[in-house]
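These notes open a run of structures that come right after.
After this come two complexes, each holding chain A, first together with chain B and then together with chain C.
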Partner chain A sequence: MSSKKKKKLTPVQQEYQDFAKKREPQRPILQNCVRSFLAGGTICLIGQLISTFYMRFFDFNEKTAGDPTVATLIFLAVLLTGLGVYDHIAQWAGAGTIIPVTGFANAMASSAIEHRSEGFVLGVGGNMFKLAGSVVVFGVFAAFVVALVKMLILKGLGGV
Partner chain B sequence: MIFFWAFVVGGLICVIGQLMMDGLKLTPAHVTSILVVVGALLDGLGLYEPLIDFAGAGATVPITSFGNALVHGAMAEAEQHGLVGIITGIFEITSAGISAAIVFSFLAALVFRPKG
Partner chain C sequence: MLQGRTWVFSNNPPRIVATGVVGGPFEAKGPLADDFDVLHEDLWLGQDSYEKAEKKLLEQACEQAIDKAGMRKEDIQFFLSGDLMNQVISSSFTARTLGVPYLGIFGACSSSMEGLALGSLMVNGGYAQRVLVGTSSHNAAAEKQFRYPTEYGSQKPPTAQWTVTGAGAAVITPDKGDILVTSATVGRVVDMGIQDPFNMGAAMAPAAVDTIEAHFRDLRISPSFYDLILTGDLGRIGHHTAADLLEKHGLKLPNDRFGDCGLMIYQKDQPVQAGASGCACSACVTYGHVFNRMRKGDLNKVLIVATGALLSPLSYQQKESIPCVAHAVALEAKGGKGA
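Now for the complex of A and B:
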């Protein structure tokens, strides 16, 4: 709780906040880290297996194998989300399932499925990027700034 | 060997995300947004490409590679078309991921019903 909010509370309420904070369960940080390491590592390992598979049996090289690999992982994640399995894994693995690209797919699929009852245009279409949108927005804006700065520096150095 | 490093590097990036969630009490949306920006910055400095060569899918599967791919597409187009290229090229490489996510998510919304 921020200190700004705290000022508005009466002394009794403050007392309660302190009381509640003491009884809040401590987050088992070490256990969470081990779990997310194992889960995240496993997802990346699966990704590596898929990309090796595409390189060996289809005509992909190291650079082009990335696209089908990501698409396959996203497909699997959406399928598991639809079947309701991904949320169970995510409960156990924490960030291990959020940080890989599968977490991005899970966020999109779960909001799409969840808002289906509001109709396809306003529900599914309008809410699909509800959670995943922030990643796209910040990613694109950051990439724009980085690319702009990099280009100006390269041009500047080239011009001189 | 690439399988081992994919596991370790991918796992470590997830641990960084977990530490941000637990230690700084950030929401998953904040963590993923920050990591995307970090990925974009790392590629701007030219540090992400060596990591991909080293760890393979360990670097391309986490969301940081999304930022990296955005910058990469933008820079590739910018070299050919200048300033406008940044705008037109930004989704060049990530198109596969975003399109796949939209298409599959829409299909999932058609097929599946929400679960409690």
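Now for the complex of A and C:
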């Protein structure tokens, strides 16, 4: 909680929050970091294997193998979400399964499945981007800012 | 009779003639599985949405309670019910099926005791002879409304709780039944400024403490009066916080007589983080397990303090803190010492 919010609390509320805080187990941050490193790393390793597979057995080079690799990972993540396994892996892996492209796929697939009961238009279509929407919006915006920086500053300074 | 903010039913206390308790697959794996009347293997209950499944749970709990009371649904004069779904749809839709006069209530997870208290008041006041009270919750329906899609891979913190899939219902009459409702304390809304919806236990603990203190103060009794005092769904963290807070306020409850329904319904190895929550948590544990123990003679006097977090998905997204309430109902096995 931000310090701005804390200022609004009454002394009784403040006292209780300190009292309750002492009894609240902390998130195991170190353990979560190690787990997400292992899980995220494993997903990347699988991605690398898939990429190598496409390069060796199909007509792809290092640049063009990216697209089918991502598509395969997305497919696997969506499949695991549909089978009800992905959320269990994620409870163990934390950020390790959220940050890679598989997390994005899971966010969309889980929202779509969840709202199937409200029909295809208002349910699946309307809610599919419920969680993923903000990633798309701010991802595009961030890309726009980065492009501006590159154009105006770096080019202006005679850089890249 | 009113003492402070406690209704005391010393004169001809209302009785619970029968209850119905229904649970889902996760509850079937818990230690209280034997105390359920019906357990479902399928989280969907054969319905095409989780919301419909929750309605089905409540309908079945009501059917069970009415059946076991030896009544037909036409015999029920009033139905009081509440749940967690927006606009209490599970309760209202069940009332549509029952077709009896209905009052929808909302106290979040305290709805179970809110209903029982109000129903007892109606019966004790002579305004009804057969009142059905009920409540329900469904894990996936609650997750969908309050948190993320069920299959979404977010990591839950150790303070999070698991919403019970189930429903509980009870039939209250003035003269039949072996469980007496002796008093009920209506809770105040207490807000200690906690904003984390993944830490409901800590948010609700002060409300439970407030109601427990009021109950003992109003009735001028000591904690040893009850064989068991159970809070609704504080979970592990909320329970410890409440126990410590009571002790700090000078009301020490004996450890072996102070528990939490949210810590009883699941096994230690079930992945529920801090414990169970949801309307059905206190309803299933009380109407099933606790009543069975009272009928067996294990327990005589029991105080159930159902706790509710009165937040909505909108309110916490708008950075509002979580107001909480707790309602206490005192129960006594018939044949025990007088109220």
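To be clear about the criterion, the second predicted complex is superposed on the first by the 135 of 160 C-alpha atoms of A that agree within 3 Å, B and C clash if a C-alpha of one lies under 4 Å from a C-alpha of the other, contacts with A are read in each partner's own complex, and residues count from 1 in each chain.
Keep in mind that, in the parts below, contacts are C-beta pairs under 8 Å (C-beta built on N, C-alpha and C of every residue); 3 or more make two chains touch, one makes a residue touch a chain.
Not measured: the values here are computed from a predicted model.
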Once the two complexes are aligned on chain A, which partner has more residues of chain A within touching range, chain B or chain C? B
Output check: A:Tyr86 vs chain B and chain C. Expected answer is one of first, second, both, neither. What do you get? second
Partner chain(s) touched by A:Phe37 [first = chain B, second = chain C, both, neither]: first
So in the superposed three-chain picture, is A:Leu122 touching just chain B, just chain C, both, or none of them (first/second/both/neither)? neither
Please indicate which partner A:Pro25 is in contact with in the superposed arrangement: first for chain B, second for chain C, both, or neither. second
Should A:Gln17 be classified as contacting the first partner (chain B), the second (chain C), both, or neither? second
Name the contact category of A:Leu9: first (chain B only), second (chain C only), both, or neither. second
Could you tell me which stretches of chain A are touched by chain B in one complex and by chain C in the other? 27, 32, 81-82, 84, 94-95, 98, 103, 109, 113-114, 117, 131
Going by the contact rule set out above, which residues of chain B touch chain A in the complex? 2-3, 6-15, 17-23, 28-29, 31-33, 35-37, 39-41, 43-44, 55-58, 60-67, 70-71, 74-75, 78, 83, 86-87, 90-91, 93, 96-98, 100-102, 104-109, 111-115
In their complex, what parts of chain A are in touch with chain B? 27, 29, 32-33, 36-45, 47-51, 66-71, 73-75, 78-79, 81-84, 94-96, 98-105, 108-109, 112-114, 116-117, 120, 124, 128, 131-132, 134-136, 138-140, 142-144, 146-151
Touch list for chain A against partner chain C, complex: 1, 5, 8-10, 12-14, 16-17, 19-20, 23-28, 32, 81-82, 84, 86-87, 89-91, 93-95, 97-98, 103, 106-107, 109-111, 113-115, 117, 130-131
Once bound in the complex, which stretches of chain C touch chain A? 48-51, 144, 148-159, 191-195, 199, 202, 205-206, 237, 240-241, 244-245, 248, 271, 319
